[in-house]
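Here's the structure, in structure tokens; my notes come after.
Should a chain be cited, it is by its letter among A, B, C and D, assigned in written order, with residues numbered from 1 in that chain.
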Amino acid sequence: MHEELKKAVCDANIELQRKKLVIYSWGNVSGIDRSAGIVAIKPSGVSYDDLTADKIVLLDLAGKIVEGQLRPSSDTPTHFELYRNFDSIAGICHTHSVNATAWAQACREIPCLGTTHADNFYGPIPVTEPIAPDEIKNDYELNTGKAIIKRFVDINPAQMPAVLVANHGPFTWGNSAGEAVETMVILEEIAGLALKTLVINPKQKQISKALLDKHYLRKHGESAYYGQGPEE
Amino acid sequence: MHEELKKAVCDANIELQRKKLVIYSWGNVSGIDRSAGIVAIKPSGVSYDDLTADKIVLLDLAGKIVEGQLRPSSDTPTHFELYRNFDSIAGICHTHSVNATAWAQACREIPCLGTTHADNFYGPIPVTEPIAPDEIKNDYELNTGKAIIKRFVDINPAQMPAVLVANHGPFTWGNSAGEAVETMVILEEIAGLALKTLVINPKQKQISKALLDKHYLRKHGESAYYGQGPEE
Amino acid sequence: MHEELKKAVCDANIELQRKKLVIYSWGNVSGIDRSAGIVAIKPSGVSYDDLTADKIVLLDLAGKIVEGQLRPSSDTPTHFELYRNFDSIAGICHTHSVNATAWAQACREIPCLGTTHADNFYGPIPVTEPIAPDEIKNDYELNTGKAIIKRFVDINPAQMPAVLVANHGPFTWGNSAGEAVETMVILEEIAGLALKTLVINPKQKQISKALLDKHYLRKHGESAYYGQGPEE
Amino acid sequence: MHEELKKAVCDANIELQRKKLVIYSWGNVSGIDRSAGIVAIKPSGVSYDDLTADKIVLLDLAGKIVEGQLRPSSDTPTHFELYRNFDSIAGICHTHSVNATAWAQACREIPCLGTTHADNFYGPIPVTEPIAPDEIKNDYELNTGKAIIKRFVDINPAQMPAVLVANHGPFTWGNSAGEAVETMVILEEIAGLALKTLVINPKQKQISKALLDKHYLRKHGESAYYGQGPEE
């Protein structure tokens, strides 16, 4: 059942290792089939070398396992909280990739310092508030999701497909598991660019609203003219 | 038609990925056949994995597509502005490679801090002025080219085959598409060298005019004695 | 004799090179069979390209060579001091990997700045006191081990499987030679993360005790729920 | 003639590319057969991809080409000055590898910050004085060699097989072309270690004389006990 979804989620997970965003069993990717009400996610603690589509765990929207012999990722409740609140997304990715994680550990949003960033994210990459001790003790992974949702109260997740969880690391999302991984690759790239930019010029400001709009909107939205058109 | 030019431009684009200067569909390379009045350029938003010579777009000097099923790179008007103003060049390259882009995002020229730089560029790598909001809204890519031309009013593009577009990234050029890519590889290397040099010694000054002249001119110009002579 | 131990120790040594933690003959891994009273260790100054299981040196607990044509690693007395004092460990690894060694050379413990660190180490990575000149002149390698033991007087080596020897580099350990190497890979990763975190935000503090406990204990100890359970 | 020397020098040059210390035609390695009075060196401006043993240039001690169709490296007079003054060496290597070159461009000696450094170099890596304008204009490459010799008036080149030429980059040497390259690989590693160490702790001092002596002398000299003995 849901072979296509399981394969897509498995491939997206393995792509994390190919892009050098993870080591050992770190990180996880999920995908959702909203019409079927099924979420597919990486099993917990399994190395990417050993991952195959039949090991992907399927859960219903209540969080009950409907297929799979293995425990799902311990971050599953975070994924579910995002799927419940961000209607437009169908894939989620989490890693500890070095540049994005360094910004998350520094509890600093990534300022929009150039057009590479603006091509992909419509503003600075937000960072969550730290999670309170009692929210850590109980339902920690669910509360991680809630901290993300709280941070996005005024942000459109379709225009900002990434977040830094303070003291922890990045989550990205998109229209599919594969797209979430592609966004993670790009986030890692712009996180590294921003770090080096501020080493060269610690006082560098963010780019203008005009330049942000031009670059984001020439690739996204109704008037986009980058690429080969809407069928892409 | 123009199979040789298309193949050279396709190969130069693919070389960007091989040298790890680009990810996904980022960056673009073009070449010009001045006698035929034809520019060949990468199609917009196409991944390097999928790029073949028959996908390269051909345009005449008025900017009209004369061959190709795909839209040309969105940066095409920038390339055209450079070809119109820099008579000596026949290939152009644009990337978001990390070290050079960090300097561009920092809006800082790359000072000439050593002989590696002087072997290849006759002075600091210039950075453009930021582009004004109204120049961003309309004809943005053309105005990017104009900002480069304005910055080069007193600079010889044959001796300085690179520029940093402020808040954006590097462009390089040369006698062919392939040479433009080789210069981008070297720019990325010296951008990384300069960053690390200033981390070690933030007060380091540029090298002397005597050392710059010696290294640049032993490889370039009439008295060059590096390499195997003019037939190279 | 002890073919399995020799092979495991040989494989673990070669893994160091595969993970790019060592060059040439740098670094060493050992393993112990406590029931047999035998330690297996890399021979001194042998390149990883030339290493085979039959070159692994076997010693008894008195430090006498019981098998092998080559001299054991010059760091052997350090390994022995750790095996004598840390009952729970069965493998030790030493490298000069760049990020962990930079922290060791800086004589700074690695603060626990994020959940990646907390997933694997229960607190900051300790650094030893410098070794006194007379302890350097005689029995230097033994005294290196003693400096580690002294630093761990109040630390449980099962919860903190790594140390930075001041001015020198890291040692890691675990339930096997292979596990010691895996911990070294992770130490190198979190050392790089910590360095970049402090470049972005030099004033960043360590994570809370609540977050450290949550992450360390969800992977380790009785209530662990990360991974596929205790049989892993 | 001298096929063995040409092959050794060719292999050592190609090793530079394999170790990622050079791009394109950058860098050069030479070797000397002192009994025959012959120096073998890389031809100028030839890419490592195209290098074969029959392209290696042979010169006599007066600097006259005795075999080879190509011009020798433009740095040949620097190599000759070193061979004339350092009796104990038989191979020389020059690169623009990023970490060592950054220190050279910063005009800073590399302090001895750890045992990795002390295992290989008996003190800080020296940097030359800048070369005066009139020494740049005429016989520049010879004067580069003289600046190195001047810096080594009180340093034993057998115990310090590396130098940083100010504003330029590193030279290393050894008992053969291959050993000079191995020392360059190690210099690049310790240059990167030193840079990161000072980012973590800008006030870190050099290691003690006792620790330097212990590590250098346990690998080098009469009482060495690292490795498999003098036959190595």
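Just so we're on the same page, a contact is a pair of C-beta atoms (placed from the backbone, for glycine too) under 8 Å apart; a residue touches a chain by one contact, two chains touch by 3 or more.
Predicted, not measured: the structure shown is a model, and the values here were computed from it.
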Chain separated most widely from subunit D, comparing mean CA positions: A
Type of subunit A:subunit C copy interface by residue overlap (half), same or different: different
Distance between chain centroids, defined by C-alpha means - subunit B, subunit C (Å): 47
Where subunit A and subunit B are represented by their mean Cα positions, the distance between them in whole Å: 33
Multi-chain contact sites of subunit B, meaning residues that touch two or more partners: 198-199
Chain pairs in mutual contact under the definition given at the outset: A-B, A-C, B-D, C-D
Contacting residues of subunit B [partner subunit A, same complex]: 23-26, 43-46, 70-71, 74, 96, 98-99, 101-108, 130-131, 133, 136-137, 140, 167-169, 195, 198-199
Complex contacts: residues of subunit B adjacent to subunit D: 113-116, 182, 185-186, 189, 192-194, 196-201, 204, 207-208, 210-211, 214, 218, 225-229, 232
